[in-house]
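The data blocks that follow each hold one structure.
Below are two complexes that have chain A in common, paired first with chain B and then with chain C.
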Partner chain A sequence: MQALEIFEGFSHYLKEMKSQGKKVIAFISHDNIPEELIDAAGFIPLRLIFAGNDELMDASHDYLPPSTCAFAQTCIGLFALKPRQFDFLELVDYFIVSNHCVSDICASEVICKYFNIPRINFYTSYMRNSNSEKYFRLEIAEFRNKLEEIRDAVISDEMIIESISRYNEFRQVIKEINNLKLQGGLKLKLMQKAFLFGPKILPELREFIASNEDSRTNTSNSIDLLLTGCSIFINDILIDLIEEGGGNVLFFDTWIGYNYYSQQFEENAFDNIQNPIDLLASRFVNNIYGDHSVPNFLENRIAHIEKIYRDYNQKTGKKLGIINHIIKFCDHHSLMSSFFKNKLQEKGIQVLNIERDYSRANRGQLSTRIEAYLEMISE
Partner chain B sequence: MSLIADEIIRFSSVLKIAYNFLTGRAYLKRKKFREKEKLVSVALPFSDLPFAAGTVPVFPIRMHIFNVNQYLSYLGTASNIFGWKGVSNFLGFVKNLGISEVSKIVDDIIEDVIKEINEKYNEMYDIGIEGGISSDFCYGLKSLVGMHLSKSRNVDAYMNITIRCSAFNKYLESLTAINNDPRPIWIDIPPRNIGNALELLTDNINHALVDFENLTGKTVSDNMLRNHFNISNQVKSAYKTIIFDISASDFYPCNPATFSEIMSLLNITFQDYNSNAIRYRDNMNSLVKEMRERIRKGIGMDVSGMPRIFVTPIFGGWEPKSHDYIYELGGRALYADWGLLKLLEEIPISPRNNPVEEYAHFLLNATETGIGCDNDKLTDSYLRMAKELNADGIVFIQLFGCHSISNCYRMLRDKVRRELEIPITAITFNKIGENIEQVKTRIGAFMEMF
Partner chain C sequence: MKNFIGIDIGSLATKIVLINDGNLLDHKTERSTYDFKRVGHNLFDEILTEHHLERKDVFVMSTGYGRNTIDIADDRVTEITAHARGAQYFFPDASSVIDIGGQDSKAIVMSKKTGSVVDFQMNDKCAAGTGRFLEVMAHALEVPIDQFGVLAMQSNKPASISSTCTVFAESEVISLFARGASKQDIASGIHKSIARRVAGMAKRIGVSPKLVFCGGVAKNDAVKKYLEEELGFEIIRPEYPQLTGAIGAAIIAQEKNKD
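Up next, the complex of A and B:
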């Protein structure tokens, strides 16, 4: 499955949707955006989940300084670099300005302002408590109103419930993909594709799962890994470098991975539901592994990873490698990276912090560091 | 720098503020160990609740030992006997006698103060890096981490207020990883003022007050809040007078470089009022009086021909030599970060109003219209302040690693050119003293436009 094919297919899909009069709403991907509302409105959510390169990052420097998060730089570059790397970005009707982090705000704002894309605001509190849940409901109400204004019709509760249910099923399928006994890179690429297309490709995903349920990729010579921190986005070489170095990512503890599918609702959550917004609000409050929130993100994340590590160790008698992937200038993961590493190492869990941007020049250094780490934990 | 020191000694209030900054450690030790008061670390000007709750807010760098110039130290001792004003008058008298040795000593005092503060900031920066914070973050955050790595053991609580800067919020979270003992007291400010956001923030502040009550074992009454807000309103009022009335006027009570030195000292000290709100208010009021008195007597400098250069933002770090260069090239540097971010707004204290709600209103207003929830709003704040200061030009400090307040240069430049039609330039900054030649060159080129 090549990225090029995915983009071609996606471009075709978006054009088809646009010809049906559907609006495309793009956003810098993060876990608090209520994609179900966009879907319920009959629009297409387009997550920007594309890895960068030197050209894309450079193209952003007219708007934000180079000390901006490399992913945010890339998102701007996708719009600034001509000709555009992805023609489907021409189809974007609205862009969501959100505050997953401050770079999300700044980059989204630049995209709206300098590339003439109308903006829709969606902000969330930095804490997760009863008041931030109430605030989340305010933002959801505004967001819903805005979408209703665009579609010029009400979005009924039933439509929202239907979308939540569809996305819930989608999360379940993503979880099943993650649990397949296949090479990590293959699973990641499938998840990336799924994130791009959304529930539309559920049948294809199901078919893949059915035909690979009993497959076992021979990874006995590989070192099993947990990847945490920033997601690996489409077209990123990092997963290839890990696999070339002899590693295999068993568990994606990132937004493309556990962070997404762990926000699945129990089936009984839909019983007698009065207000579908309750479901979205509860998801926000229960999103304890989301990196946006303070104050317990680090603590929760360490406890979660330690548990996975211990379970794996008990089951296999082997060490599970932990790679903490930090996109350069990422506020959330970079600032915490030394604390994260130190706290896990105090518990005897070895961690590799990889901090990098998307420049090609990094490739050799990344490979060397990954290989050295894999050698170390295999001893 | 003798000219600067020469001027500053005439302001006894500035000497006091500088002295209180540098000798904070002894003061804080007394508060903590002898008077059994609780120390609460603060960053940015969020000291109101700790003061109102009867705790001692401290900007953590002040817990360090500073090399206080021995003469300033003597002055401190002398002030206990003669009062600060007497000391200042005496120094002015000695200076006027033209005794060169004494003059030199006096001149050195303030230069030492500024140098000492800057060196300590750089030391904190290095401690932060050694402690593991990535060098990719801004000077301010790296220094703050350094301050906490070295001194958080002395504080009883952290005052943690979330703002739009995600790195700052994560830094607040990381304080517990640095030291788990102090109690984190959080206030989450809703990103936008929509619906009943004000009510939610009011409730968040009430929860923080309960945390303070648990920390001190004492109730925080509405009157305690009003009393402190009353003091802080006076501080803000004095500060605004200095920024808007005096710094924007055509006659300064001292030379512009001195004025900038004072403004930069206020910018730092405003964060914790030197841990004593009443004393700080009195010093601020004295400062305004001293400045006005000098202006009234015609002592100072006609600056009407000197372009007003608004240098901003500086609170996350900037090259303090900037104002010297601007002055040398015929301009005057104006600093007004806290006003720009709407943190100098006064808080209504009428008994009819709920002070918690008023404080919530203050914070939400700063978030919504000062700091702004996005760069469009933030750049409006820069424009508003430039207009209020009647600025002739803007030097924008593009702080390396700042992803929030200082990375909106492109948008700001476009707006300034379109709406204000004044020159603007950006200067990158990473660490004090690191890039002095480049700063000088950039400012030199910029000042040629006037």
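Up next, the complex of A and C:
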């Protein structure tokens, strides 16, 4: 599956939705944006999940310094670079300004301010306690009001429950894709496409899973890996470099992957539901692996990865490689990367921290780091 | 098969070695230039001709940034693994490696039990902490690169170079001159600056004594001296520091073809 196929029909789909009066609500993806509310409002959530390149990063430097997170630079560059690399960005009606991290806030604000896109605020607390849950509920209510104002009609509880249910099924499908015994790059590209289109392509995804359930890509010569840290976004060469170097990502412990589908609700969560906002609030509180999970986010993440490693090791007798992918100047992941690596290495688990931006000049050095790590863990 | 060739295609220099039964028979080094494939081919042809060998008589292992593009290689290995193995060739009980090459630097830690690589760190895409930094600074001071370390060793009060960026450091050197600092002190400060940067990277992965210093920059006594100061222990240098990667590649080739 080539990168271009990910976009096949996407512009056409968005244009068609717009012609039906639907609004496109774009946002810098993270795990607390309640996409179900956007969907329930009859709008199209558009996640910015596109990897950068030199041109996109350069185009952002009129607005923020090069020491800004390379992904945030890319998001700005997507709007700043003319002609735009993705014509469907012209169709964005609103942009959500959120606070997943400092760069998220900065990039969202720059995009709204300088590219004249009306903003919708959605801020969340970094703590997981009763106060932050109350605050989260207030933000959800505010967000719902704003969406109702835009559509000029009420979003009923039933509509929200229906959307939550649809996205729950979507998360299940993402989980099933991640569990397929296929080459990591193929699974990733399918998940990226799914994240772009959303539940609209559930039938296509189901069909893919059904026809590949028993498939086994021969990866016996590859070294199995768990990818954690920052997601690999659309058009990023990193997955290709990993596979060219002899690795195969078995488990995507990133936002495009586990962090997303682990927030799936149990089936019985929908029984006797009084208020759908309770479900969204419970998801926020229970999200122990997300970056907004202070306290103990890192400890939880380390324990979770250690468990996957031990299970794999017990089952196969082999080492599972751990690649911690850090987008340069990503405060969340880069500040914690040494601690993360040291803690796992103390447990005998070798970790490769890859800190990089999207420039082409990185390619050779990235390959060397990946290949050297694979040589190291295969010795 | 008894003859093994290791070819290390670095960004600045291409190094080739021929070993037989673990003994270093010959080696050659040439600037890589933009046409490093041609340089690699020429060195390979020369070494075969001089030793009356044919292509079929040797097994070739490539390493370095050009390892994947040189078509004479039978197999390839990264410079991390190759340098670790090369360091152990010179010093069997080596525990760690610092390699400062033309355009990158790396620190490697090996297992005391097995000798295999257990961790490594490479510098970012930046000239600071590499041989290129020294070249630029030597040029700014109008000193031949092979005399730069000698000049630095003549000072006992290194000037303070605060910038870690090659471009800004060059401006800093000019302003130090303007303030009347001596060439020796500035040269010394530059060497101390590169050592501090590389030592910082090396300490992060826990390098320890019996550390082998290799790569072209290892020939520079001032960098070695300041690295020792920064790390707090003596470091060791092989006879041919620049050949460590190529030798490591050749040794790995020999080990892989034992049967």
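Keep this in mind: the second predicted complex is superposed on the first by the 376 of 379 C-alpha atoms of A that agree within 3 Å, B and C clash if a C-alpha of one lies under 4 Å from a C-alpha of the other, contacts with A are read in each partner's own complex, and residues count from 1 in each chain.
The rule is short, and it goes like this: a residue touches a chain if its C-beta (ideal position, glycine included) is under 8 Å from a C-beta of that chain, and two chains touch if they have at least 3 such contacts.
All figures in this text were calculated on a predicted structure; none of them were measured in a lab.
Enquirer: Using the superposition on chain A described above, determine whether A:K193 touches chain B (first), chain C (second), both, or neither.
Expert: Touch status of A:K193: no partner.
Enquirer: Output check: A:S338 vs chain B and chain C. Expected answer is one of first, second, both, neither. What do you get?
Expert: The answer is both, since A:S338 touches chain B and chain C.
Enquirer: Which of the two partners, first being chain B and second being chain C, lies in contact with A:C101: first, second, both, or neither?
Expert: first
Enquirer: Please indicate which partner A:E375 is in contact with in the superposed arrangement: first for chain B, second for chain C, both, or neither.
Expert: second
Enquirer: One more residue to check, A:L298. First (chain B), second (chain C), both or neither?
Expert: It touches chain B, and chain C stays clear.
Enquirer: If you stack the two complexes on chain A, which partner ends up touching A:K23: first (chain B), second (chain C), both, or neither?
Expert: neither
Enquirer: Classify the contacts of A:R283 with the two partner chains as first (chain B alone), second (chain C alone), both, or neither.
Expert: neither
Enquirer: Looking at the overlay, does A:R144 come into contact with chain B only (first), chain C only (second), both, or neither?
Expert: Touch partners of A:R144: none, neither chain B nor chain C.
Enquirer: Scan A:R47 for contacts with chain B and chain C and give back first, second, both or neither.
Expert: Neither: A:R47 stays clear of chain B and chain C.
Enquirer: Enumerate the residues of chain A that count as touching chain B in its complex and touching chain C in the other.
Expert: 338, 355
Enquirer: Which chain A residues qualify as touching chain C in the complex?
Expert: Residue list for chain A touching chain C: 338, 345, 350, 355, 359, 361-362, 364-365, 367-369, 371-372, 375-376, 379.
Enquirer: What residues on chain A touch chain B, complex-wise?
Expert: It is residues 62-65, 67-69, 97, 99-103, 105-106, 109-110, 113, 121, 123-127, 129, 131-132, 134-135, 138-139, 141-142, 292, 294-299, 328-329, 331-332, 334-339, 342-343, 355 of chain A that touch chain B.
Enquirer: What residues on chain B touch chain A, complex-wise?
Expert: Spelled out, the residues of chain B in touch with chain A are 131-134, 136-137, 141, 160, 162, 164-167, 169-174, 176-178, 184, 186, 188, 190-192, 194-197, 200, 203-204, 373-376, 398, 400-404, 407-411, 428.
Enquirer: Which positions of chain C touch chain A when the two form their complex?
Expert: Residues of chain C touching chain A: 65, 68, 77-81, 104, 114, 116-120, 122, 124-125, 204.
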